[in-house]
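This structure is in structure tokens; I'll ask about it shortly.
When the chains are written out, they are named A, B, C and D in that same order, and each has its own residue count from 1.
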Amino acid sequence: MSRVGVFICHCGENIAGTVDVAAVAKAALDMPGVVHAIEYKYMCSDPGQTMLKDAIRDKRLDGVVVAACSPRMHEPTFRRTAEEGGINPYQCEMANLREHCSWVHEKGEPTTAKAVDLVRIQVEKVKRNHPLKPIRVPITKKALVLGGGIAGIQAALDIANTGSPVLLVEKSPSIGGHMSQLSETFPTLDCSQCILTPRMVEVARHPLITLYTYSELEKLEGFIGNFKATIRKKARKIDEKLCNGCGVCQQKCPVKKIPDQFNEGLSNRAAIYVPFPQAVPNKPVIDLENCTFFKSGKCKACEKLCPTKAIRFDQEDQIEVHDVGAVVLATGYKTMPVSNFSEYGYGKYKDVIDGMKFERLASASGPTGGAIKRPSDGKTPETIVFIACAGSRDRLKGVPYCSKICCMYTAKHAMLYQHKVHGGKATIFYMDIRAAGKNYDEFVRRAVEEDGVKYVRGRVSRVYEDGGQLVVKGVDTLLGAEQVEIRADMVVLATAVQAQDGAEELAQTLHVSYDPYKFFAEAHPKLRPVETNTAGIFLAGACQAPRDIPETVAQASGAAVKVAGLFSQPELTREPIIAVVDRQPPPVFSHCVGCFLCKSACPYQAIEEEPIKNRNGDVLKVVAKVNPGLCQGCGTCVSTCRTKAIDLQGFSNEQVFAELMSI
Amino acid sequence: MKDPTADPEKKAHTARAQGGRASGREKHMSSHHESMPGSMSACHSLAARLEKEGEVRVADCYQCGKCSAGCPAAEEMDVAPSQVLRLLQTETPKHEDRALRSLAIWMCVGCETCVTRCPQEVDLPRAMDFLRQESLARNLANRDASDVVAFHKAFIKSIEKTGRLFELGMIGDYKIRTGHFFKDLGVAPTMLFKGKLGLLPHGGANKREVAEIFARARAAKKESQA
Amino acid sequence: MKSGIQDLQVGYFPGCSLQGSSRDFAESLHLVAKALSIELCEVPEWNCCGASSGHMIDHLVSMALPINVLLKAQKAGLDRVMAPCASCYNRLATARHEIAHSPASKAQVEKVLQTTIGKLPRVLNVLELLAEVADRIGPKVTKKFEQTVACYYGCLLVRPAKVTGFDRTEEPVEMDKLVAAVGGKTIDWNFKTECCGASFSVSRTAVVGRLGAKIMNDAVGKKAEAIVVACPMCHSNLDLRRGEINQRLDVKTDIPVLFITQVIGLALGLSEKELGLGRHFVPVAFPAKPVAAATVS
Amino acid sequence: MADPFEPKMTAFVCNWCTYAGADLTGTSRIKYQSNVRVIRLPCTGRIDFMLVMKAFSRGSDGVIISGCHPNDCHYTSGNYHARRRWMVFRDLMDFMGIDLRRVTFSWVSAAEGAKWAELVNEATNTVRALGPYKEVQQLAVAGID
């Protein structure tokens, strides 16, 4: 025999203005099991909460229904109050009289009637509530960071510096990411590598960071605080302990004509190579597609000449499994391939390049030593055209969003060009200049006012080659959309920022949601920007949306703090809203028949198989068992269960059906 | 629910979702109407009619100018293609009038280059068709385009008469409409001689049927205007 | 060698200009089709599709006319209709596309045509059709067409992509493949799909002259010995209006303009006369080459 | 004589998308018809379709089921399970002679306050037009449910 108390909130005029609260209270008192019903101006206020606590004590209530705003708003508040009042917090339910009633319906009889129903529903539910205990789970205080770009580097360092060990996994042979390819950085024009490489070294040296380059995450199981990560270390075919990075191998390797990814194909590399001089670790890797030995079984030049005998042709991939408590996703972005631009020649013109290629041309460590030269014939371009929004804000090309960084780096490119090529003519075709950021707009203005970069407001319709030059057919919308035709020596496309290849697959392995453009989804666009919807997995950098370096670093540190915060707790407590399989005294043991439909339905692999043995240890039957750590409480298993052996605490069949019956 | 996957609205990113395509649409429509409650422009503006009748969404254009940049006829135009759209975007009679009186709408060749490259997939050629018709209906056709107008009229007339295009007849009609009697005198005889111009209209088409199509189309238009 | 190749039947919508100003296109098309055992089943009682003026000043009519044609084709049991004229092709395809995507417009047209519109036949252009039987061409070539030509696609064969869904929008290649199939060389040039002025052929010859000049200039500059087209309007604009064009060129040009069907025809050993080359304004002559000479009957 | 028929609508919604969406409808003060009674569940995946049958037999004239958009499930895939189950169950209900026009299945995200209002109004109007769901209710009264 339950004793339920109903507490109706006026929420000032918000509820009382539309709903006849007195009538609701009166109706509540007639509901079976309700022994107490009052209405008050602000239940969430201090006096309001006190009333609730007192009532629990004085009226010996064992269930409470607060009829006020949305449970998504104040459920935690009132559950705490209920607990302070001396009952189990999960004996408190809320009827949503505001968002679902008073705010959305006109004042009147039907609305009050609905309010009464909403209260009745919760009363019927709360009568069937059971005291629940929050779940406590341990935490493995080790973090996994995916991606070794600036985002991953920053996150790894910040986490490690709080004293927790970090595994940093990077799929390419060196950490550094896109930032290591950049020449100078806006708005300060300081050299990218000069600021990045020290960080890379710091990572390599940090006692708490274990570096996994040329490695990928194969599998992630488990849940917040208790993940199990399976990492594949791809075979470099090098004994990293012996190799001292002298570089003899790549000098002697006979295969030398392989386009160098790091230089965006502007130069060549050998089949055994270190991606770039400042690479971390400074150890080579053998590229199996192009190595003569792996193609024809002959050569082994590197092995013969390696002074430390570090070459290992027979080396295999290694699989390692690690327990980690939190994951930071920092897998970065890619840019739209130039071949996507039919109107600019499907990428067939050598001198139509993208921003990243230009970075390599402008970089002191690049193939031209920082001199701007045409890929086609090595001549210095006297006229150069930059096309902003190449693919961005372009539904036709599937990228309706703004890539955010292009305005700034294009301004930077034009500026660098003007500095390096005196008397050169740089024109930028743009739609809008988006330079919101500290010293950003000043930077753009500088490009215009001091370096004489010409900004033309309009998009380019077509680029084609004619007599060794590129004819750029654009328009100036500030001159009544007059056509502008420029014969340029080089065209640079500020290509759209897109989600990294394989982002979707990764999101699915990690159970994090992603947006239509395959960028990982933050838990809340404003208030939870570095968290994902999967507890314990955090976001840093351009894998979540186009970002520039300062933002990326800030977000990485933010993610690191989230991880540190998580690790600072002795253990985790979670809402006990989880599924349970019923257990019966023998001979039934459980209604579960072991069909394990629930297992296939469960999104969290939370269903385990549990053999029930008799006292001499032989298995009587195998039933489902819910791992309370893994279960997130979606209840999909409950509706799948044929024998109703599995049920969801807090939303049990009994409760839900009772709610239904009360309508 | 047309295609759930095409609808990017997400609790996690309202922000980007609004920009997303499928949702962008409804979003846009509503705001578009709220923006000018009850005013002439909201319901009767050319932009609104174009969206209703032509399914071209003028508001989608963000004036990047790519259409004007690639337009082969732009040199002949008094108003650039993108600007023609701009004139419709303001939804004011003054600007709409300017669009309808423009030479540009008659200089459009209908080569579809613009719509092929338009990042917002705005069907500009369709809009041009619409404006030409409207311009004729309101008698605002630009004088300097009289020859083009005459050509189109002669063309249509010829079809209506014979069910198929009778080139010689059409050209004759065109010349009478324009008075360019001596233009093309050079080529016409050669064409005849080379058998490229038939002296008699082609048979074969079901003239009555075609005439009826024209008649019913006219009726339908009258209806919609009323 | 005919063995193994069964007749390919396809609906055929000649369109007005093939009966008049582009007779040669029709003639060559029919011969080539016959040679490649394609049966062109003319749409009975077809009417003009309204191109190119229809849609310019009367949208409803410009929808009703082509749909009417497609309905006739459908009644005649044709599941595909090939329209050699690029302009007709584009109108038919566009109308079909709009009907499929706009219920409103569909209703309107149904009202005008006083019928309900079901599944309409697919619309093909001449290149699509020939590409389908490309493998039949090679074996039948008797005189390689050993010229270097510029394939000029013009606007309406490839645009807009979502309507035509054929070839690459910016730099199509299907025609080049066909020319290559008969032994010809094609140049890589920039004006493959730039507009030639289309319907301004009569009303604004100056425009045609200006646009045509750009096109010819690039083609000649890149050493083309002829222009190959698949569109009557392109043909008349570059052939019939050569005078206008040359007025705007520093160096006058007299390279001929051929229909793709004529090119294939020549390679299949058909005579210049039956292919209607005689009807061109710019005489069809190639720089003396043994093979080229041989093609002159 | 008797007042005009007002349908009883029961809605099964997930806590993370549609319930939150309905909250947004409230905070943005968008009005809709008050016939609907919302039953809050963690996820549409939790919806045992026996609930739908029960709702009808308990006198609901119409049922609304709504959760997160595909790819956006708080539990990553619960809504897919719901959709799959719904596909099957729909045919079953059809076979059982349940009038499918009385069941509305949709996605409403936490950002779609307006959509929730539309959804409820549409569904309610449809069912109002269909009239009370006597057929099933009589069965229920007869004790067959």
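The working rule: a contact is a pair of C-beta atoms (placed from the backbone, for glycine too) under 8 Å apart; a residue touches a chain by one contact, two chains touch by 3 or more.
Only a predicted model underlies this, so the values are computations on that prediction, with no experimental measurement involved.
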Chains touching both subunit A and subunit C: B
Most extensive contact between chains (C-beta pair count): B-C
Subunit B-subunit D separation of Cα centroids, rounded to whole Å: 46
Separation of subunit B from subunit C, taking each centre as the mean of its C-alpha atoms, in whole Å: 24
Centroid distance [mean C-alpha coordinates] between subunit D and subunit C, Å: 56
Contacts with two or more other chains, residues of subunit C listed in rising order: 169
Residues within subunit B bordering two or more other chains: 5, 10, 12, 14, 17, 75, 113
Per-residue multi-chain contacts in subunit A, two or more chains: 343, 462, 513, 521, 533
Sites on subunit D touched by subunit A in the complex: 6, 8, 10, 15, 19-20, 22-23, 25-27, 29-35, 37-43, 45-49, 51, 54-55, 58-60, 71-78, 81-82, 85, 117
Parts of subunit B lying in touch with subunit C, wherever the complex brings them together: 52-55, 72-73, 75-76, 107, 109-113, 115-116, 129-130, 132-133, 136, 147-153, 155-156, 159, 163-165, 167-168, 171, 174, 183-184, 186-187, 190-191, 194-198, 202, 204-206, 209-210, 213-214, 216-217, 220-221
Touch list for subunit A against partner subunit B, complex: 343, 389, 393-397, 400-401, 431, 457-462, 473-477, 480-484, 513, 515-516, 521-525, 533, 545
Subunit C residues within the subunit B interface of the complex: 16-17, 19-23, 45-48, 50, 52-62, 64-65, 68, 90, 102, 104-105, 108, 111-114, 155-156, 159-161, 169, 193-195, 197-200, 202-205, 207, 210-211, 240, 243, 278-281
Sites on subunit B touched by subunit A in the complex: 5-6, 8, 10, 12-17, 19-21, 24, 62-71, 74-75, 79-83, 113, 117-121
